[in-house]
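Okay, here's the structure, questions in a sec.
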């Protein structure tokens, strides 16, 4: 569906070549938490299409949404939540409906060795612990509110982090006893952080939508990248990184 | 100073006027654009939200405290860099400048390494006094001071270097030791430079985001300053983030104008 | 200046020494802690990653360009604020200071509003010349300049105010118009103040993150500066973020030391 | 290139109101006590201080005209100025300081430097060219400032106590140099000085200024012989007394009478040279018709003589030799008699 | 509180090496040309410039002793100093400037201010107390600086040309004031000046410094009568000639002979007062035994007389009245004859 993107930018950026290979530059705007997985998928797409150069712009989803609404020359937008994707779709910049390619649930992250003996969500009501959750304005914070409501727990956090990474950093440094973060982040953090799953997590599943953009200079390659993400191969890579796949 | 028209000013030379106008345009146009985009109808709603007033108060308080701490610690440091003859001043000066370059988030991490629960000093503070600094308003002030003080130090040092050291010699012959000379001669002489440095420091502290959110966290009422509120608003509703920014701008503009007026009043009395 | 020992320095007075030492400790200890925590074994690996060298080069280049632009535009603006008698200087000065307070991310949004494809000027630039600024290295320089120039302006203005204006009168009686006076008398006289301002500006530009990632994006090779690389590394592996930060610190420390050495050499020649 | 100026300017509480006219090639010395407004006058002439009224015209060209709204900025006035505190540029070498005015007026670097070196040689500082002003002594700096002002070949030369920081020997040399230069100089010169010797040696005309107003004007000799205010009288070392002429006697305003050689009438000044006053422990009897009782209030050695300040009906200064002073055993508070020959007393209209 | 100092300090190319001794209550005047090292000496005494060698001792207390590693910082020396360029604190009022030294030495604010006002009244600036230094004229500022230094009741008073910016009248007043104060003053005073009148009026002893060394020392009258260098001779207005005594004649080193009244032998100086030199268009025949052919090379009006600079076998200065000067129709280059009575020629050992 790139018929309306056929302006000068398309021809200069390249498109499907005659033998089916892709060329030109593909620009993917993706949430920062996708850095590793997407970088690998991009490399793979480049390997399959020697004429293609895949460029990533990793940043917070909201920054990316702002950039896209300000006319950034992007082909693909992969958001870490539906709300920022909505900003883009509302502006009429998404080509077709966004597709969910992964989801993520909350997990409790504790420092190596779990010094405060955190066992479950109920520990977020313990005053004596130093606890971090995400701010309600950001998706993981909204999700946290949902799970606390579902579990009937009054949480007493010491800080409401602006994003998951900030919360996780504090766990890694041992500065908080527990933080409510995404499962993928626990996976990415490696040995310095232990994850504790809890059943209420399923009440707040965060979804990752992706879409090709209306003004995509290289719509063909964009579609190919989205297809790759949704393919079995892409889904497997996401699963390796701790995502629940669609 | 008198009311009558002065025919003195032969105007601003063109090679200065053109870049100056360009600079003002460059700095002010984005602000104007923000103002144009501000959904003014939202303003009243936003301002009456309880969190906003709180964040604004906390921001002003902590930036002012950070500036005060920076003045108390930074002006002496600037003096040492400018006037003493200790060895290694060059390295010291560079070391003091370097925190400017540190990405603020990493600055926050570094503060944890020193003052956090597991930090070099923090562990001792915790064990000895039961004091924990992170996630408190104190932590906000510390984070802002860490990020903003170098601005004060560097600009005060520049002012000290430019000042005429012979006045200090004159003070010495009048029996003033270096400390008295510093208080009664040096400080008043470089007051404009210190004022400039304090403004830089205050403004930088007021806008501080990365180190604060890392080291102090974000909790409404104790550690959520305006930049944090703005950032979070931006996640959900960019319009309201713009409104909050404009509020922050207006308040700081008013503060600066009020302060400057007083300083200028003093400076204007001198020749 | 001669090699013999000077018995002059009667030491630094205690009321200055104590806060100065406290200031240095406060500013330097977190850096030391960072160094301790740095996984040095990673250093070689990190440095050889292709993106890192690129980001470092881009950072140095864009910060230096931003400083150059700030000097060209900002020093004249500082002169206008300090020396001219135009009306509304107080308001102008406050307006110039205010961008310091703006959360950088909002600053990035504001730059979009002016220079973005739909921006006030951006639209016109796009339609007339086919020029788009966001997401280019130019955008990085612009974002850094927007954030860092006020530091230069305010500190140079402080230096100008502290300088003795009678030298400028003497130059006028020798036939120098205000522009010549500016170039040949004022500039050299306030050189230390300008140097201090440039250092502040450069360091602030080098550490710039929020406005850059918003307005210029995060494209390796064109807009990914070191702070952005640090941010991404932080998403993945905090250890490597620390390594990158230390690299940034080391490079800026070396640059500052090299520059300062030269400036001091010049300044040392004067009385 | 005559200077024609009427300067009105308010400086704090002092209102300066001075009319100044200097012909081509003429040197006008402005004498006056501290705070009289001399430097303020020069600043207005230089264009550094905008006048509140009046005008400044050089060679018919208006530099300032408040009524017409004309104000030529300082750098467009072809003038040279030496400030009371030299104001050499600290970042330039001595040579470059002197070359500064030439460079701003369009001369090349090499040529300006050569001219500057010539000027430095004239003020006997040839070997100091590569120093910075901070490495000069006070007097050396002032000589460089003089060279810097002269190097520009100005139309109007303004000198604010140019010689006051110079030592006696240099002062002689520079004064002679200045005199030679001023002799060749086609423009007008205004010289502010405290030293009557400078005024006598250098000026064609003297303007005495007190509290912002002209109190006396004329050729140096005339001013020196017939001072009209106490300040000038002190300056040239005379005792000045005001009174009313009554034939061969002048009745002083402060009481007392002075016998004079030429009959006088109306308001007059009486001037007495300190050298002509003799002091006696007892009332003398002899030819001098003026004998007054006085009290010694102060004494200052002055070369080989001692200058005695006398109070009484007729306040006077007297110069006596150090030997006589010692012989008379004088001490402050001593009661004495002073005598002056009537022929030694100058009398002239007020 | 005597001052005893041996100062060795390198200033650029100049090596200053001066031994200075000043008794209690004594005033030492240091005279010398620009750049001789006078201000450098004062800076060492004040503790502002660390000497490279020697020592400074006041009343037996060592202030500086390079060999022993002693250096008392400036603020611990009980001294008062007046700088060549006043250096009043621009941010303080005039009263607070004067009160500064009292405050730093522990006096209360009210009491310091009262004392400061008294000092201001003594330098006749009582009504200027609430001004800022920037609103003073140059001379007013210097008087305030003087008051500031004196107010601290120092043990050692250092004055770097304290009167040079003052106008003639104020100078008389302040000089008399200074004299009175120095008279009462129990400490030592070192006064740097260019003005021989200051030295004569204020000093008990004079040190003449040239190129960092003492070239002459002695009481003012002695130095004035028997100068030992050309600089001093010029300063006191004498012509100085060096030669070898041969009984009633002195053979000058530069050629020529001078007849003297007292027989002399060995290396001697001959000093001639300009007033004693008479000028003639043709060779005169009469009692004066010294008659030399000379050429007029310069002439400067000097009060009622003209000072003529003469070149020839015997270079001289001559003072003639303006009338005589005009009558002789003198112009530079004129060939003349100069005569001096042998009894007017002073001769003394070199």
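All chains are identified by letter, namely A, B, C, D and E, in their written order; residue positions are counted from 1 within each chain.
The rule is short, and it goes like this: a contact is a pair of C-beta atoms (placed from the backbone, for glycine too) under 8 Å apart; a residue touches a chain by one contact, two chains touch by 3 or more.
Being a predicted model, the structure only gives us computed values, none of them experimental.
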Mutual neighbours - chains that touch subunit B and subunit D alike: C, E
Taking a step as a move to a touching chain, how many steps at least join subunit A to subunit D? 2
Can you pull out the chain pair that has more C-beta pairs in contact than any other? B-C
Give the label of the chain whose average Cα location is farthest from that of subunit D. A
Averaging over Cα atoms per chain, report the distance between subunit B and subunit E in Å. 54
Subunit B to subunit C, mean C-alpha position gap in Å, rounds to 15
When the centre of a chain is set as the mean of its C-alpha atoms, what distance in Å lies between subunit D and subunit E? 21
How many angstrom between the C-alpha centroids of subunit E and subunit A? 87
Give the residues of subunit E touching no fewer than two other chains, as numbers and ranges. 73, 135
Junction residues of subunit C - those touching two or more other chains: 6, 8, 10, 105, 109, 119, 177-178, 189, 231, 234, 238
Quick check: what residues of subunit A touch more than one other chain, meaning two or more? 66, 169
Counting only contacts in the complex, subunit C reaches subunit B at residues 6, 8-10, 12-20, 22-24, 26-31, 33-34, 36-37, 72-77, 79-80, 84-86, 90-107, 109-111, 113-114, 119-121, 145-146, 149-151, 153-155, 157-159, 161-164, 177-179, 182, 189-190, 192-193, 195-197, 199-200, 203-204, 206-207, 209-210, 226-227, 230-231, 234, 238, 241-242, 245, 248-249, 252-253, 256-257, 260-261, 264, 267
Under the definition above, what is the set of subunit B residues touching subunit A in their complex? 105, 109, 112-113, 116-118, 132, 134-135, 213-214, 216-220, 223-224, 228, 231-236, 238
Complex contact set, residues of subunit D against subunit C: 46-48, 73-81, 83, 87, 89-92, 100-101, 103-105, 132, 134-135, 148-149, 152, 158
Could you pull out which subunit A residues touch subunit C in their complex? 32-33, 35-36, 55-59, 63, 66-67, 70-73, 165, 169, 172, 188, 190
The residues of subunit D that touch subunit E in their complex are 12, 32-36, 38-39, 84-85, 131, 135-140, 143, 161, 164-172, 175-176, 179, 194-197, 200-201, 220-221, 224, 230-231, 234-236, 298, 300-304, 322
